[in-house]
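Shared between the two complexes below is chain A, which has chain B as its partner in the first and chain C in the second.
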Partner chain A sequence: MTKSPIEMDLALHAIDAFEQANDLMEEGASPSELRPSFTTLYQYVQGLINAPWQDFHQVMQQYPDAAADFEHLIRTQAFAHFPELAAAAGDSISRREQEGYLLSLAASIAAPDQVYLSIETNIDLSEEPRHIFIKSADMAWIEIKIPPMTNGRAQIVLTNDDPAVRAFGQPGAVLYIR
Partner chain B sequence: MTVTVFILTTKGPVRIQRISEEELGVQSVICLDGRAQALPISSRYDAFVRNPTGIIERATGHGAYRMDVDRMIDDGDSWQLGVYLAHLSENNTDQDIYVFATGEVDRELRVRPVSHISEKLDQAYDLMRALQREVKRVRVFVPHDNDLELDDCQGIEVDQVSHVDQMFDLLGISPSKSHVPKGAEVQHNPDKLISRRILFWAFPLLLVVAWFLWTPISWMGLANNGKLLELEETMDEGSASFIGGFQQRLFFLLQDLRAHEPKMPELVGKMITAANPQACNAKSGAQVMSWGCRDLDHGRNL
Partner chain C sequence: MSLSLDALNLEGAKSEALRAAIACIMDATAVDGGPRYSRRVISALTRMIVCRSYAKPTLELSHLIAAISDNKNRFEHVLWGVDRASPTSFRGHIRTAKLIETKAKISVQGITHISGGDEFLISFGRMPVLAALVEFLITIFGYQRVDEITATIRSGSPSMREVSDVANALQRELYAYLKKNLPPAHRQKRERHFLQFVDEQAGNRTGAEAISDDAVLAYWRAFADDTSHDNKTYRSVYEMAVRMVIALDTASERIQGNNAASIGTHREAGEFDLEDVEAVMAAYDPDDTALSRVVENSVDAVKFITATEVEFLSTLPMRSSIERRVPLSIVRNAVQGAHQLKISAALRRDSSVNQAVLLVREGSYQDCLRKYQELSDVLERILAAALWVLFSARHPSAISVALTLAPDINWGALATTAAAENETTVVVSMDIRRTMNQFFDTVPDARGEELQALMAECRQAYRSINRKGFTDPGDPAAVSAMSDGVDDLTALIAAIRRYTEREVGNVEWDDIEREDIPVFRQIFNRLYLRAAGIAAHD
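== the complex of A and B ==
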């Protein structure tokens, strides 16, 4: 059932209030100022606000309940969901294809310590994807910002030791494009 | 000797440090100082390189590059003139040249006007003068614009060009595919180049050979099927051409190789001598010779 923006706003704030109340009722606990509220996470996933944190990975690690909220939101709101792959444990993945999106890693000849992560889509985009979110095999969340796409294609330069590159190569990692 | 290219921007000149070839599946990219940081203009650079939108692939034959620059370029297309020069300037000049350039380049290699030229030059004068003090050859290229007034050039010679060829003429160099700007390492994969060349030449050659062999082989088919009249007609048609003569020779050679050489029949005979001479008539006499042929292939008497 479609909700009006006012109803959505009220619902989100009700969830925030519930979480704050829970925090306050815990003995000796003080309200967490850094923990992103459900509303913030929702608005971020929707692309309505810029990242309200310096380090997405650290915030998700520090607040597992926020990470769970985020996972629920991104799973339902993602443009494309790349599930775990059934590859042999030793295999490193360099290409993933799902729901009209192709993600591929290519080594740089000019700079051998760097790789190119390419995002291609054949979908007529009414709303451009802005992020790739990766939940690595060891449950760490990594965020990659996608530059503006040209002719359905964008490219990001990363170093070989970037956590995103390592996580991309893990068959057990889950990726979302939003 | 080398050509070092600086792109004139409103925030100061940006030096092109290196241009390297990348795999064709990769988009061309401009990175900051060798780091894994792509400039926002990278997608425009890719379009400038790649055919059919761009002009670099058309000129160099390769469609994916990585360029490293020493400072950020945020926006615009005025980097194109300097980038084109960096890709195509030859490194056989008689001295090191330091080139400062701004301008857009279109498909016909015309240099289109850009804005803020005076500001860009103001930002670069200090570096230009410093290079001149070191007795370096410094050239500055901006698009030709009748409205542009370059009153205070502070002793720096500024050339207005309307086509990239003018720039190359003024520099005294010719555009080349094998350009290596200062500090640049244009890296070719030799194995890949060799296999590309082999493919380029081998395929048409195979087609010609197949076409040349096909006619004699088809004649052999006719000969095997006993269609001699048709064979004669097609061979007559074929012999009219120069190649047809060779094809006929090849056909006969193949036929000779395939033909089974018959063994000569053996002539055998025996002499019959009658015991009683009266048994024979007077004409033939007592001795009669009997002749016959034997087919050695099949052991039959003929």
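== the complex of A and C ==
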């Protein structure tokens, strides 16, 4: 029946492959069920978008691949990286210093349930840091937004029970400023 | 061959991870919330995956990474420094990026990676798909792994050999991933059924030659209510025929152009060079036509075309082989195909509809043609307005647009001054710079010389258009987008005119419509009214 079998076969082969490609491109899962794309992670780390997730920690837990990409990304793009403190002097840390940045926690005298997190730097900033990302000792990701800095200084008020305060104090926590 | 249930489940699981990775790339959004990668880019990436034709793209990507990596050995700021991955955005961004001069050279076409005495060009046009490829690799292998593989080419001045080694490493990992995650393609029974039908009716004609307007209509009449194949709508049959024509024509070109099959392929046994398969797929990719490229160019700074215009023009295949082989089916699809969708929507709303709903309005075929022509006129006005913008910015691409819009103008007039200065010259000299200056110094005047009148017309067109990019002739983003988009716009106008004027300019559409109406009414009756128990007669 077929008069040009090779052309016909190649055409049908391509049709089969085309359908396979269409099938792969079919949108099954809704965007909210997908892992965050690398583009989203990059835009977020660069401060181009606000956190596109309601719960950053939960998203990072749900998608370990994305969390690994995020960690590598923040490590390569961070202004400062505060590694684990292997030989910490006490159980809880209240001060960390690295790469020209000093982070310190101080209790509020006026409101005993609050603490101040100070960020100080003597670096001439061409690009302002916007976030502190903390990976706690139990691998939970926490984000703290840094307000605009004045004379190399910014301060954030947190409550004592804020997970960020707890994580900051853990010697095993890793912090990044970006 | 039938698959067991277990095997089917396994196939499903196999494709799930890959499907999720592709969905993740499709979901990547620009800062404004629109897609970062166009449908055309996603299609090209998926084709590359399905056909495993990633050898060249991974080499291009490796050269690109080597060329753009900075003093900190990072490349992301260039690839993700662009919000929407389009050639225009990459061109704009890379021109302003600080690249290391000893290993990267920027030209009109793209970036050239320099290593030793050798050079490798990566065009701006390829960058969107390469950006999608690297994001896909990061998604499936992990960012850290991609970083490890590419480490050697991100620092210093990597040699061509090192770049090629990285490309090979990416290919090896991709091969292993796809072996695990890409299920085999399924045989498409419907297309084979259609081809067999056409072949049996075709007499001496073969391949795409056998697919005609009559064959498309006859197949639909015969199998519209055959539930084993999805042929209920005329549109679905027409679209299948279109795909088969393009696939068969391209397959024939590939086979004839490459009589000696690649080593290792055994065509009689159904083995083909995967590049041939990809080329055939690419040829009928609906996301890669003159229209889709204009749509893509309309996303950023300039709106060449509106959504309503796109919707109507998408009924035109924009490919001469289709227009030549099934010219009438195009209008049948645009009119009757669209009407069939309305019938089924009307029946869903109200099952008591009568026969009147089955008929298209008289003169619909003629109206359809008229609308195509009107849209090509609108687009030509847009092109004229774009010429005014490019002309005002003294952009060199204005000259080729002017030549397209007015090929009959006496361009020799621009050379007159130059020739007069040297009257002993027999051949008129067109000193390029001087000619360009003369062109850009033209004073628009509706009653002046031909070129002056053309520019006056373009200025008038510009003033009459109220679309994004046509309100400030000095906007550099609009100028750049127009210079990138005018070729595709010209191709789109040419494709519409080719069909309306050359292919079907002499068709007596009212006669065709008169013959078609009873045929379509009969089948619509069968499919909708009788099936719903509504009294109907053919």
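Structural remarks
Keep this in mind: the second predicted complex is superposed on the first by the 140 of 178 C-alpha atoms of A that agree within 3 Å, B and C clash if a C-alpha of one lies under 4 Å from a C-alpha of the other, contacts with A are read in each partner's own complex, and residues count from 1 in each chain.
Rule of thumb we're sticking to: contacts are C-beta pairs under 8 Å (C-beta built on N, C-alpha and C of every residue); 3 or more make two chains touch, one makes a residue touch a chain.
Since the model is a prediction, treat every value here as computed from it, not as a measurement.
Of the two partner chains, chain C is the only one touched by A:Arg35; chain B is not.
Contacts of A:Leu125 after superposition: neither chain B nor chain C is touched. Contact with chain C, but none with chain B, is seen for A:Phe18 once the two complexes are overlaid on the shared chain.
More residues of chain A lie in contact with C than with the other chain of the pair chain B and chain C. When the shared chain is aligned, no partner comes close enough to touch A:Leu85: not chain B, not chain C.
Those residues of chain B lying in contact with chain A across their complex are 18, 20-23, 25-27, 29, 31, 34, 36-38, 40, 42-43, 46-47, 66, 68, 185, 187, 189. Across the complex, chain C meets chain A through its residues 15, 18-20, 22-29, 31, 36, 42-43, 46-47, 49-51, 74, 76, 80, 135, 138-139, 142-144, 147, 183, 185-188, 191-192, 195-196, 199-200, 206-207, 243-244, 247-248, 250-252, 254-255, 267-268, 270, 272, 276-278, 280-281, 284. The touching residues of chain A, counted against chain B in their complex, run 104, 106, 108-111, 114, 116, 118, 147-148, 150, 153-159, 162.
Per the touch definition, chain A reaches chain C in the complex via residues 1-4, 6-21, 23-29, 31, 34-35, 37-40, 42-43, 46, 48-49, 65, 68-69, 72-73, 76-77.
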